[in-house]
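Some structures are shown below for you to check.
Both of the next two complexes hold chain A, though its partner changes from chain B to chain C.
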Partner chain A sequence: MIVLGYRVRMEQRLSTPRSLLVMVPVFSVFFALVVGGIFLAATGHPPIGTYLKLVDNGYTSFYGITDTLGLATPLICTGLAAAFAFRMNLYSIGQEGQLYLGMIGGAWAGIALADSLPTLVAVPVVLLFGAFAGAMWVAVPALLRARLGTSEIVSTLLLNYVALNLLNYFIFGSTGFFRDPTTSFPQGRPVAESARLSPISFFTDKVTNTYPTFFIAVILAVVLFWLMRLSNYGYETAVYADSPNTARYAGMNSAWLQSSVLLISGALAGVGGAMYVVGPAGKVDPGLLQVGLGYAGIVVAALARYNFIAVIVAAVLFAGLRTGGNALQISSDPVPIAIAVVLQGAVLLFALGGELFRRNKVTISRVQAAAT
Partner chain B sequence: MANLAVVTSVAGSSSSSRTSQPALEARGVTKRFPGVVANDAVDFDLARGEVHTLLGENGAGKSTLASVLCGLYRPEEGQVLRNGAEIRLNSPRDGLAHGIAMVHQHFRLVDRFTVAENVVLGHKSLSFVLATNDIEDRVAAITQEFGLPLNPRAVVGDLSAGERQRVEIVKALYQGAEVLLLDEPTALLAPPEVENLFVTVRAMTHTGKSVVFVSHKLGEVVDISDRITVMRGGKVTGSVRRGEADVRKLAELMVGREINIVPRRAKSPMSDVLLSVSQVHLERDGAEILSDINLDVRAGEIVGVAGVAGNGQRDLAEVIAGLQTPQQGNVTVCGTPTARSGALGARRAGLAYVPEDRLGTGLAPAMSIVDNMVLTRERGFLVDRKSALAESEQFIRQLEIKTPGPLTPTRKLSGGNAQKVLLARELFAVSGARVLVVCSPTRGLDVGAVEAVHALLDEARDAGKAILMVSEDLDEVMTLADRVMVLYRGKITLEQPGTHADLERVGRAMAGIAS
Partner chain C sequence: MNSNIWLLTFADAISIATTLILASLGAILTERSGVINLGVEGMLLMGAVTGFLVADSSGSLWLALFVAVLVGVALASVHAALTVGLRANQIVSGLAMVIFATGLSQFIGKPIEGDPLPVLIRPIDFGALSDTPFFGPVVFGHDLFTYLTWVLVAAASFYMHRTRPGLLLRATGDAPATVDAQGGSVARIRWVHTVVGGALMTFAGAWYMFARSAAWNQSATTNGIGWIALALVVFASWRPIRAIGGAVLFGFSLQVPFTLQAEQIRILPPTILAMFPYLITLAVLVALSTPRARRLLGAPKMLGQPFVRDER
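Presenting the complex of A and B:
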């Protein structure tokens, strides 16, 4: 490529310097902030001041960080779900639908089973049912992929719309099991009290939006990280991801590997939905639709470069942008939430663009003068 | 974006000087890659109408030189001259503008397109709607003129390797190439197809075109070449004209010392039959791939299966390794029938398998040596990398595997070192494996690595393993095998003792000529 008399060349790197692994995400965020700043300035808001407010509202104030951790909780789960599948080169984008189904499955258990159970049992039961429902939602795409080689991208995406309509139907379209019978207002039937957790107050008397499920999500990420590193299952999926032919040569069962990875990914997203039930919602809540945590999970996984521990960090970072952005909207000088969305989009774009620099070395040289 | 940055340093080079100047010349070309000097001040020239062969081992730098000549690589130092005038090539497109085209070893064709569509692919002056008939007529004219039988309307995906190569050559000619660089053109061809290729090459040189023929196969280049230039370690080691070519001398120039191929045979008496294949029959998509295969391999024996690529060798190896299930017949490994028990069943019965494709089948390329060591062993819930690490370190020492360490990804190893890792795992690390199936164990390796691999196989034979070696390299089979078999169209057509095999008969059997 020739730009203004300079030749720009890309050459593949033989190895990636460690410093780049840190530099690329840092610069991605930095450039995203610059782009967002241009939008802010264009709409008449001081960029630096707005950013400082955003950081305060999203990360540094007490309610800011506790809101952020609360939002990050299901986001860690969908991020893990996406990372888990993407590592195997299975591009499931069904986390959104699996999240809804996790909420529905979890709420079912919370309503139907939890009544007579102590909290210590009821909460895990709700989470397990959420996981199961999420896994079942990806079972058909998993089967199609493993047996017929059908693209999981299309099938999981389409099921997101089915899940969305299913959720709407349960709350707005029917007066069935999930609908609250005590009011004509369309809302979910509350789960048993024993299936709910109370928010963490962090040694204050304030009511926060962070629930103990945040720690469950973090523990999940850490356990997954070590398990995939040390276990035979992690080894086999890594071999398959690296080279399907090698996996076949070694006698691994590729249909099993593909379908089980998709099912576990679905279960992880489903747990996220169920955490929403035992935490803030306490019922099937269509409010989850507005948040888009499933799709955001894909962004989080990409930012974390499919590393399970990094998913935690990326999810908190991402959730903070969202809560900070929300708070800006209702401040004295309201900034449209769209700016926060622009920022999120820009972070992703620059993070993915940064991959180019991680993989390639860019050299710029002067083009030799022609025909002297 | 094909800016032609052409510099004409020799002023006034006119058409009158064309005849005396070489069609293409390299002067002092140096090209470095990280860690290697692929071309070290190389001089090379090609006359009009000449076939000039670049001969050398893998890694000698001949493909690099060809890539420099066609514009794919830019040299750090030196010049490329066309008809005596210096040219600067920034891309293969620049090369084409000067009438220079390269036919790569790995074809660059679109399988779903027809021959004609592939020929015009990337051509700059195409109309918005393809004038298909015109193109097909022109393609047909070229195929006739140069003896390249091809149907312009055939879909490339349906063609054989030889036919695909013809498409590449037609493409180059269609684009107006006067100088053709053929990189290892015979690597994928059966002997009759090689003959065809030579006819085409002669037809091209008759019309004044020039050909650079890149090869590492000594035997064949002597027939076709007007001149042979030998490269080794990035340098030119010698050049001979037609008629002066002496195979022994060329071989010495290639490897840099007198080569002394000593056949290695079994030293101790063979004992029990460890691998037995009986009446195996394999079909795929209605086509017969293997038919009535019977063979036994004894402990302490190497049985060599020779044949031209694509005659069922890989399928035979995969059937024995349990990766394909035959419709009929039995495979017995150390007394256990395994034909229907899958790859794991065959392994548990005592089979080790070294596939032809080292990186990508035998090894996981992005994973470390340690991780690759545990690939074919029994693993529990957790992977035991501690013992694999110790094992890797031991093999690296014993087999002199050149690597920064045991945690290096295998794709960063050279071919020879990757093969050592693979052989080490399959020969020594797989517990209890007494039968080894090995495919083209030295394909693409340099001379030193070939010797090391052969020594390893010989050692394993002495240790009482039963080895079935499938190889397209007849020399390799003749050097190592105690018994030689020829596989032709899925059948074993000839069996001879390795010590006094009739080479001519083996060659004829490989070409499918009944003796």
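Presenting the complex of A and C:
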């Protein structure tokens, strides 16, 4: 018997086995860890030891978990924002900028409006203004997309750089409204106390970095999940995502669908920025810039396959990578925090490859010479 | 106001344009085959950092550029494998590539952060020619690679519009099923052009590192130039020659804030001025999406669509 070669056959699956829904993400994470391990080893860091430290600092220790949940809060929002747009094939990558604008909008409300309001009112007002600012930041790309068909990919992305410079202007470039007037040191003006929430202590006397906004983010995800499943609007977007022509023939307003989805997506990312104000920052703060939560939100959404509930899980997973990575950076054998970003990118690349196995049944057979 | 400074700004814009031209040429080749690679920004960063690292340890500019090209081949191969081989979503794969490559460049670039450049790409000394008014700085003030880039653009244009493989390339982006029916391999054409395009992108990053940067400074090294290069592809309507004009225009808008700052002309705060390149890019994109402009543009018709024979 002579083996001439291998032949790969792909058959499209009609339904995906449940096991694969778990296997693909698990294997994606595993292979990403292997890739990251290669780079760790190549730069002289022990891979296994580094990962154990990362897991301990990101997921298993008390402060690890609470830091992770705190970081996951805005990440859930940007993840939801990306999922909301991507599932309708609108590839908005402006979450980063919308997040900044959410912070600016939220801080504006926190400074200008919240003073005379009780916390129960002030916090929602700040969050709403953040949402509004985030939505406004995507309004131009949304309008262009709906009216002229301008690719939202590049337009939203370009606005990220504009938002970045706008934020720099408010904090470093000007002495205006958002700048703390009491000090010459460039920092944001603090919002009213009533617009702040205190961290959750989880029945201990420790001060954590998890804020009640985490639960707001989770509730937001659950509400979105059911709303999009049960509402007419959810149905229309689903039809449009599958086949824009079908939606058009059925009389759905595609311009309205496209622009509203982008606006809601922007609002979701904006809420994340406002949560940063309500929670840890209390002002317009450049700390949000360092983390890249907007871009990470896209990875989270893709890994969650645009399922809003799964976004929560993916966001916590990724936030853990980040907090774990932070701890690595300041340990005795400092590993650059960028390893967390490498892992994020690698997870997504492998998950994308895994899609093939989810969609198709792959069989490899040997091609044999005919017996003589 | 000193008119000489604006002449120098223009000369600088032509120089910066080299990165934009190379990167968008890479993207044009990729997109003409029907594959969209959004990873440009990440590829530029990887080209820059690997170029720096290799030059740092070997002292050789040529080896650095060569390795940067190899890195581009490797990264673009991953994108091609995912999108052409495994038919993954091209947009998401490109974004994953940006995130992966950005993270990786910062990870391996950590030790060299802020270090002085080990080698530099310097303008060619044309002697007396460089001192001629106007033509001196604008035409004779550049380095070897800037001139080679212009030649490369001409060659790419000839290849795309005057040769048979170029015709096949364009056909693959517009009507892959036809190419397939004629016996051409859609997968191979897409794969090759994605990889060559990726090599051009990382080369552009390495050139930018050695010719235009002061030091490796994480993702701020390229600061969004890759995204501008992507917008430039639309601006150039997927034609290499037209990318030159757009690149100089965008290069000028990138350079103006520095000139104004150097001249201490304070019209606007520097952070506001820094928004302009992106806003101008956006404005150009908008102008190009009017129905009239769209008809003239001619984007590859099957851009972003995976080709599957059995489904047709």
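In this section, the second predicted complex is superposed on the first by the 346 of 372 C-alpha atoms of A that agree within 3 Å, B and C clash if a C-alpha of one lies under 4 Å from a C-alpha of the other, contacts with A are read in each partner's own complex, and residues count from 1 in each chain.
Heads up, the rule we're going with is that contacts are C-beta pairs under 8 Å (C-beta built on N, C-alpha and C of every residue); 3 or more make two chains touch, one makes a residue touch a chain.
Given the structure is predicted, the values throughout are model-derived calculations rather than measurements.
A.B. asks: Considering only touches as defined above, state whether A:238 meets chain B (first), chain C (second), both or neither.
C.D. replies: Only chain B; A:238 stays clear of chain C.
A.B. asks: Applying the document's definition of touch, where does A:21 land relative to chain B and chain C: first, second, both, or neither?
C.D. replies: neither
A.B. asks: If you stack the two complexes on chain A, which partner ends up touching A:219: first (chain B), second (chain C), both, or neither?
C.D. replies: Neither partner.
A.B. asks: Which holds for A:230: it touches chain B only (first), chain C only (second), both, or neither?
C.D. replies: The answer is first: A:230 touches chain B but not chain C.
A.B. asks: Return first, second, both or neither, reflecting whether A:250 touches chain B, chain C, both chains, or no partner chain.
C.D. replies: In the superposed model, A:250 contacts chain B only, not chain C.
A.B. asks: Which chain, chain B or chain C, is in touch with more residues of chain A?
C.D. replies: C
A.B. asks: Applying the document's definition of touch, where does A:150 land relative to chain B and chain C: first, second, both, or neither?
C.D. replies: In the superposed model, A:150 contacts chain C only, not chain B.
A.B. asks: Take the contacts of chain A with chain B and those with chain C, and give the residues found in both.
C.D. replies: The answer is that chain A has no such residue.
A.B. asks: Write out the stretch or stretches of chain A touching chain C in their complex.
C.D. replies: 39, 43, 86, 91, 93, 144, 148-151, 153-155, 157-159, 161-162, 165-166, 168-169, 172-174, 295-296, 298-299, 302, 336, 338-346, 348-349, 352-353, 355-356
A.B. asks: Tell me, which parts of chain B touch chain A in their complex?
C.D. replies: Contacts found on chain B: 1, 3-8, 34, 88, 321-323, 342-344, 347, 353, 355, 357, 360-367, 371, 374-376, 379-383, 412.
A.B. asks: Mind listing the chain A positions that touch chain B in their complex?
C.D. replies: By the definition above, chain A touches chain B via 1-2, 14, 230-232, 234-235, 238-239, 242-243, 245-246, 248-251, 367-368, 370-372.
A.B. asks: Would you pull the chain C residues touching chain A in the complex into a rising list?
C.D. replies: Going through chain C, the ones touching chain A are 38, 78, 81-82, 86-89, 91-93, 95-108, 110, 223-224, 227-228, 230-231, 234, 269-272, 274-275, 278-279, 281-282, 285-286, 289-291, 294.
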